[in-house]
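A quick write-up on the structure given underneath.
Labels run A, B, C and D following the written order; every chain starts at residue 1.
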Amino acid sequence: MFGKLGKRTTLLVQEGIKVRRLLGRCRKLMSERGEAAGASLARETFELYDELDRNHQEAFFRALLRDFSPDPKKVLGAAQRYLETQSFESLIRLSEIAEPPRQELLRRLNRLPGGTGQIVRMRERLLDALKGNPELAAVDWDFHHLLSSWFNPGFLKVVRVDWQTPAALLEKIIQHEAVHEIQGWNDLHRRLERDRRCFAFFHPTLPEEPLIFVEVALVEDLPDAILPLIDIQSNSGDPARAGVAVFYSISNCQPGLRGVSLGNFLIKQVVDVLSAEFPRLKRFCTLSPVPGFAAWLSALEHETVARQSPNLLRAVLAVAKELGPDPGKAAADPAAAMKRRDPVKNELMALCASYLVRPGAGDAVTPDPVARFHLNNGARLERLNWGADLSKKGLRQSLGMMVNYVYERRAIERNHERFISGQVTASRQVRSLALGE
Amino acid sequence: MFGKLGKRTTLLVQEGIKVRRLLGRCRKLMSERGEAAGASLARETFELYDELDRNHQEAFFRALLRDFSPDPKKVLGAAQRYLETQSFESLIRLSEIAEPPRQELLRRLNRLPGGTGQIVRMRERLLDALKGNPELAAVDWDFHHLLSSWFNPGFLKVVRVDWQTPAALLEKIIQHEAVHEIQGWNDLHRRLERDRRCFAFFHPTLPEEPLIFVEVALVEDLPDAILPLIDIQSNSGDPARAGVAVFYSISNCQPGLRGVSLGNFLIKQVVDVLSAEFPRLKRFCTLSPVPGFAAWLSALEHETVARQSPNLLRAVLAVAKELGPDPGKAAADPAAAMKRRDPVKNELMALCASYLVRPGAGDAVTPDPVARFHLNNGARLERLNWGADLSKKGLRQSLGMMVNYVYERRAIERNHERFISGQVTASRQVRSLALGE
Amino acid sequence: MFGKLGKRTTLLVQEGIKVRRLLGRCRKLMSERGEAAGASLARETFELYDELDRNHQEAFFRALLRDFSPDPKKVLGAAQRYLETQSFESLIRLSEIAEPPRQELLRRLNRLPGGTGQIVRMRERLLDALKGNPELAAVDWDFHHLLSSWFNPGFLKVVRVDWQTPAALLEKIIQHEAVHEIQGWNDLHRRLERDRRCFAFFHPTLPEEPLIFVEVALVEDLPDAILPLIDIQSNSGDPARAGVAVFYSISNCQPGLRGVSLGNFLIKQVVDVLSAEFPRLKRFCTLSPVPGFAAWLSALEHETVARQSPNLLRAVLAVAKELGPDPGKAAADPAAAMKRRDPVKNELMALCASYLVRPGAGDAVTPDPVARFHLNNGARLERLNWGADLSKKGLRQSLGMMVNYVYERRAIERNHERFISGQVTASRQVRSLALGE
Amino acid sequence: MFGKLGKRTTLLVQEGIKVRRLLGRCRKLMSERGEAAGASLARETFELYDELDRNHQEAFFRALLRDFSPDPKKVLGAAQRYLETQSFESLIRLSEIAEPPRQELLRRLNRLPGGTGQIVRMRERLLDALKGNPELAAVDWDFHHLLSSWFNPGFLKVVRVDWQTPAALLEKIIQHEAVHEIQGWNDLHRRLERDRRCFAFFHPTLPEEPLIFVEVALVEDLPDAILPLIDIQSNSGDPARAGVAVFYSISNCQPGLRGVSLGNFLIKQVVDVLSAEFPRLKRFCTLSPVPGFAAWLSALEHETVARQSPNLLRAVLAVAKELGPDPGKAAADPAAAMKRRDPVKNELMALCASYLVRPGAGDAVTPDPVARFHLNNGARLERLNWGADLSKKGLRQSLGMMVNYVYERRAIERNHERFISGQVTASRQVRSLALGE
C-alpha cells in the first residue's frame, strides 16, 4: 500500500540494514511481547535511531508513513459498518482501526523514563525532513497530536527564573533568547532584578529544559521604546509602584514543539501570577516588533499606492531607496536613518497601521506573525511607537517601529472571537491612523 | 444520528436544563472561542458537572455519546477518499474526522490545572454508569484511551513511602490497602520498618494522591505463609542480609484509572530500585491469594471429577459441604478448618495447581485474576503454599492457599510471550502437582 | 586541689579504668594534638562515655569538676595583676585563666557532627546526678552556659507541625505532650486541623528532634473551659474568622535543655507568625492550669484563714475533706465533685485569686510555676475560670480551675518589669476577687 | 575604672549623643527588662550601630572595653574566696564575675534572627579599629571567643558548589576567590566541571553567605604547575579515573571571622566526602604558593650566605637585581624571567627548601604563612616545583615556585604534633634539598 506516497523501491535500497533493524524493534514494541519488556525495547529503539545518519533518519520517517498508517480497506469496512449499525461496538472498532498505529508506537516509546524528551528531539528532526518530503506531514500530524496532548498547560509548571536560579538553567535562557539578545551574564542579571521578571514553562519529565520563557518589565507607563527596558546600566525601580507589566520578549526553546500552543497559556498564567503579587498593576501589555512590515511595504504596487496619495508613494519610494540593495548598511547610524525618515513619518505610520489593521483586499487579516499571535490570544492593538527599536534588525524589518498589544482579562474572549471572524481589535488611535478609516 | 444507541426522546426530557447548560459549555469550549478563554470555560464545565445528581450525570455521559461522536457519513467519505488517493492529505483528513470529538473536549478540560484529577473522578462515575448503559463503553473507550496516554509510566514517579512520609499520605495508604487490611498506625509503622518497603506511583498533577502502591517484605527465604510478613509484633530484620523481596500486597487507589496499566510497571521499577539498593537480593517474588479457586471448585461437574479419581471427588465434596450455605461460618476456627481439610490436602493442592495451570477444555488459560495479572507481567508460578492464609477471606476464597509468583528479569519477556500464546509458565513442582501432567 | 569538693580517695577507686581512659581522651582532646585530630578524638570520647554505667558517669562528672576547674592560685594571680595594671593584656589573661577548662572541652566535643545532641543527652544525665552530688552544680553551670549560647533563639527555627508533617515527628509530638495528653492519632489529627495550630522549635544540628512545641486553638472568644479545645468530635471552624488565639499547651521535649529559655521565645515568635497570617486575630491568650493551688490551700493555717472569714474556713475544710487521704478518688465523678464545691465557689475563687496575686507575707510573688512563667514572659493574668478542667489532674491540682493569661505586645515589657519588681499584673476582675483588695 | 586603657576625657566628647543612646540600649538589653523585649531591643541596637560613622563606631568599641569589662575589685574578691573555700558556689560566683559582661551583650544580640551576621560584620569593623587602638584586643578576644563557639564545624554544613548552584552564590565565589582569580563565568564553569570540585562551608543562620570555600582538581598525578589546573581551554577528564585530588585554592569570604578555624576543618571534611565518592583516589595534596620566600630571600644577610657558598650568594644577588626597585617589571615576560634564573635554579631551590624547613637560628619553624597553615593542619611538605606559577604574583612572591603539601589521614595527628614541637615534616627529597642537611 501507499504506493503513491512512498517511493518504495528507492527506500528499500536507501534504508539499509540499520533502518530495518530499527523498524523490527518498533514492530516488536507494538506487539504483545512489547507489553512486558517495554522499557528495554524502547531503550533499544531510541539507541538504534540515534545511531542513524540524517538520510537514514528520513528513511525511517518515511517507513513510519508507509508501514504504520491505518489500512485503507479496513478503515473503509469499519466506516461502512459504523454508518450502517451506528452501534457503540462499531464506533469502538472504528476508533481502533482509523488511528495510525504509529501513535501507539509513540505512546509506548513515551513510557520510557526520558522518552518524552527523545520524542521531542525526534520531531525536531522530522520537521527538518518535512522540507524535502511533504508527505511526512501525515507522520508529523501524529507527533503534533500526541505532543499537544502531553504538553498541555495542565501538565506544565510556571517557574520564576531569577538570580537564585541554577546557573545551568540561566545559561539556557541566555542561549535561547530570540527577540532581544542577552549580552552575557551582566545583561541577564539586570533582566532578573526586582523590577524585571522572567517566567518559564517546564514539563515534569524535562525538569532541566525550559520549554518557553517570557521576560517582563514592571514600569510606570506604557513603554514607547525598547532600549530603556533592556538597558544594562538602568537603575532598578520599585516593582510595588509599577502600573504596567510589559511582556517585552517571549522565546521558544524547543524546536520539536513547534505548533504546540505554549505562549498563549504562559502569558495568561503570568498575568495571573503578577496580578496576585502586585495588586497595583493596572495594565498588561507587550512591546513587540512588526517583523513583516518592511517586506510588505516593498511588495506594494506603486501604482495602487500612488492612487491613494502622492505623499504615500514618496514614503514608499524613500524606504525602498534606503533599504535598497544592501539593507544592512543603513543601520550603521540608526539616528541618521530615523532622521532621514522623519519627513515621511506620518505616511509610514499610516502604512504600518494599515498593514496591521487591513492590509489589502487579498488578506483577510493582518499577515504579521507577531500581530496574529497576540490578536489570536485575545489582545488589543493599542499603539504604534515611532523609532522604538533602533537595532539593526528592528530598523530593517520593522523600520524602527514597535507595537503595544494590551491584554485585558475581560476582553480576551471577545477580541479572540473577533480575530477568528476576520477582524482586528485596535484602539481608536491606531484605527484612525490606518488609511481609509 | 445515533438513533440506535441513544434513547433520544427520553434523554431530552431527563436532561433538564442543567445538563443542557453543561453541554452548551462543552460546545463553547470546543469552539474557536474556547481557545482563548479555555481556563475559565473548563472551570465552569467542571462546576456545572459537579452540581449534577447521578441521573443527570448519566444523561450527560449519554449526551457525550450522542453529540460528540464522529459523523458516520463524513467518516465514510474520508475513508473512501483515503482508499482512493492514499495521499497524506486524505490520511490527515481521516484522522481529523474519525476521532470522536469528545477526545478533544477531554483534552481541553485537561488543560485546566487540576483538570486531570477531575477527569479521573468523572471516569469513576462513568464506569458506574456503564452498568446500566452498556453503550457508554464507547465513551469510556475515549476516557481510557486518553488516561492511558496521560498516566503512562514515563510521566509517573516511584516514591518510597516510609515513616518520614507526611501523615496525610500515610492515612491514604491505610485507607486503600485492599489485600491485607492495615489495622491502624502501629500496623502501618511495622510495615514501614527497615525490613519492609512500600512504594507508590504518583502523577505530577496529583502530588497528594497515590495511584497504586506495593508493599514489600525483605526476608531470607521464599515465604510460605502471610502471617509472619504482616505480624505487628515481629522483630525487624537486617534488610542488607535479605535474599528475597516479597511483593505481598498491591493496591490501586484510583477507581477512575481502572484498566490503565500501572501495577505491571510499578513492580518492575521497584525491582530495579531494590536491586540497586540491596545487591544481595537474589529473588523477587509475590505471596498471592488464589481468589477464584473456591468458586471454580464449586462449579466443577462432579461427574467429570469422579472420572478422574474418586479421591478428588471426595475432596470436592468435602469442601462443598464445608463452605456450604454459609461460607463465612467455617472461619470461626481457622485451625480447625485446616485440620478438617488435611485428609484431602493432596487432592486440593492438585486441583488448585490444575486450576492455575490448565483449568479445563473451555478456558484457554487460567481464569484466576491474580494469576493472569502476574503471568501476563512475565512472572513464573513457583510454588503453592498450603495453609498460608488463615484469614476469613483467605479461607473462603483460596481455601487458605497462597502462591509464590517469581519475577526473574531475564525470563520476563519469554514468560509473557508464552502466556500470550496460551501457556502458563510454572515450576516443575507446580506442574507435577497439576492433574494429568 | 578541690580537696573540699571532690571525694578524692573514693573516686580513685570508684572510677575504674574506663573513666580514667575517658579522662585521658578528654585531656588529649584539649591538647594541641586534639586540634588536628579533633573529630576522631571527640568520637572516641563520646563512645567511651556511652559505655559507662550510671555510677561511672557520675564519677566522670565529678572528675570534670576536680580536674577541669580553673586553678585557684593562678586565678588569684591573674585577678591581682588585672586590678593593678588594668591593662588589656591582663584582662585577656584573666579571661583565659578564669574560664573552667571543661568549657573548652565541651566546645571541642561540640565540633563533631552530632556532638550537640550528645552533649544535651549528657546534661540530662548530669541533672540526674546533681541530686546526689550538689557540688556538680558547678559543672552544670558550664553545660547550661554553653547550651544557652548554642540554643539561642537566633539559631532556632519555628516549624509548623501539621498533617503534612512526617509521621516520625508527629509520633514525638504525641509522646512529649505533657499538659493535655494526646490520645492517639485521631486526637492528634483534630489538633492539627485548620482551626488549630502547632509550632515547634528546631535546632539545625537536631533536625529530627523538636525542642519544645506549643499548641494553639483559633476560636471566637476567650475560652473558659479546656474540653471544647481538645474535643476530638468537635467540628473545625474557619480560622480566618477567629478573634482569639489560645495557647492551650506547651511542652518541652529535651530534659537536657532544662533552664535554657525556649518557651518565652517560642510564644512570641508564634504570636508574630499568627498575626501575619490572620489579621483579624485580636487577642493572644492561654488557658492554663493552676497546678500549685490545691497544695497551697492544704498548707494554709486554719487559724489565719478563720480570722479572715468563717466562710473561707468552711471552703478550705470542705476541700481538705474531699481531697482527704486519697485525692485521686474524688475524680471518679467530676460533675459531682464540682457540684459539691458549688456552695463554696466564691470563697475558692477568692482564695485562688489571692494565691496568684498576693499569696501571703512570706512569698514576694506568686509561687505558682505556670503563673511565674507567663507573668515573667510579660503576660497579664486576665480571668479565673471555674470548672474549666474536670480531668483527674485538673481537679486534684487546680480544683478544676483554669486561668487565662493574655499576651499583649505593647504591654509585655512593662508587665515583665513589674513582675521583676515583685508585682503581678492582673485584670481588675481578678484583682477584685483577691482577698483584701 | 580602666583609666589606663580608655582615654576617658576624649571619649566623652567624641562619642556624642548617638553613641550614648546606643550604649543606653545595650545596658537595657542586659537588664532584666531586656529578657522580655529582647528582640526589639536587639533590633534597635543594631540599627543605632549601623547609623554610626567609623569614628563613632570606634568610640562604641572603646566604650565596650571601658563599660562592659569585669569589675577588677569584685574579680579579686571572688578569686580570693575561690582559693579559700574551693567550694562549688565560689567557683560559680567566680565564673559569673570574671566573664566580661559584653559577652552576655553579644549573646543577647545574637538571639535576634539575623543577629549572627550582624555580629560578624561588627567584628570586621572592630578588626579594622584594632590597628589604631591596640587595647581593643580585649574586646576582640570576646568576639573571637563567641564566634569560635558559634561557628564550630559541628554547626557548619559542607555544600558542594557546581553549575546547578544558584547564580547569586556563584557570583560570590567569583568575587571571593583570592588565590587564582576567576576570570568571569566561563572560567568558573570550567572550574565546576566533572573533574573539578568546589566545596563551601555554610552556617545555618547565613544560608546565602559562603564562609570559606576550597577548589579541587581531580587529576592523575601530583601536579607540578598551576596552569593546567586552571586552564579554561582544557578538556575535562573522567574523575572516576583520578588518582590525586589537588586542593589548589582555598579562600575565606568573611573577614569578620578572621582567626576562627575553618580551613582546617573544611579540608578534612572534603577529604572524607571525596574518598567516599571516588574510592580510587590515592592522594590528597595541595599546589600552594610560597608567598614569603622572595621577601625572606631579600632579607638574608649576604655575608652569612657567602659563608655557606659563593654560588648561593650569586643566586641571591641575581634575584635581588632582578626584583630590584620595580618588582612588577620582570613579569612582563615570565618565560624570559625563568630562563634568566635557570643558572641558579639549584641554588634557589635549595634556598627555598631551607626557608621552609629550617629558615635560620631565629625562627623556630618556617615563617611562611601557607606552610604554617598546612603543616599545622598535619600535612607533609612533599615537593618543590620549579617554574610552577608564572603569574605576576607568583613570580614576585614565590619566584615562580610552588609546593605540594600532602594530607595523609593516618599521619595527620603525628605531623601536627611534630609541627607543634617545632619540627617540619618534609619528604626526603625536600629535606635533601635544604642546605646543611
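Some notes on this structure:
One rule holds in what follows: a contact is a pair of C-beta atoms (placed from the backbone, for glycine too) under 8 Å apart; a residue touches a chain by one contact, two chains touch by 3 or more.
Values in this document were obtained by computation on a predicted structure and should not be read as measured data.
Put simply, the chain farthest from subunit B by mean CA position is D. Spacing of subunit A relative to subunit D, judged by their CA centroids, is 54 angstrom. Subunit C and subunit D have centres, each the mean of its CA atoms, that are 41 Å apart. Centroid to centroid, with C-alpha atoms defining each point, subunit B and subunit D lie 64 Å apart. A ring topology is adopted by the chain contact network, closed into one cycle in which each chain touches exactly two others.
The complete set of chain-chain contacts reads A-B, A-D, B-C, C-D.
Residue ranges on subunit D touching subunit C, taken from their complex, read 1-5, 32-33, 35-37, 39, 65, 69-70, 72-73, 75-76, 78-80, 82-83, 85-89, 91-92, 94-95, 98-100, 107, 110-116, 134-138, 141-142, 145-146, 148-150, 152-155, 204-205, 261, 264-265, 268, 376-378, 412-413, 415-417, 420. Across the complex, subunit B meets subunit C through its residues 163-168, 170-171, 184-185, 189.
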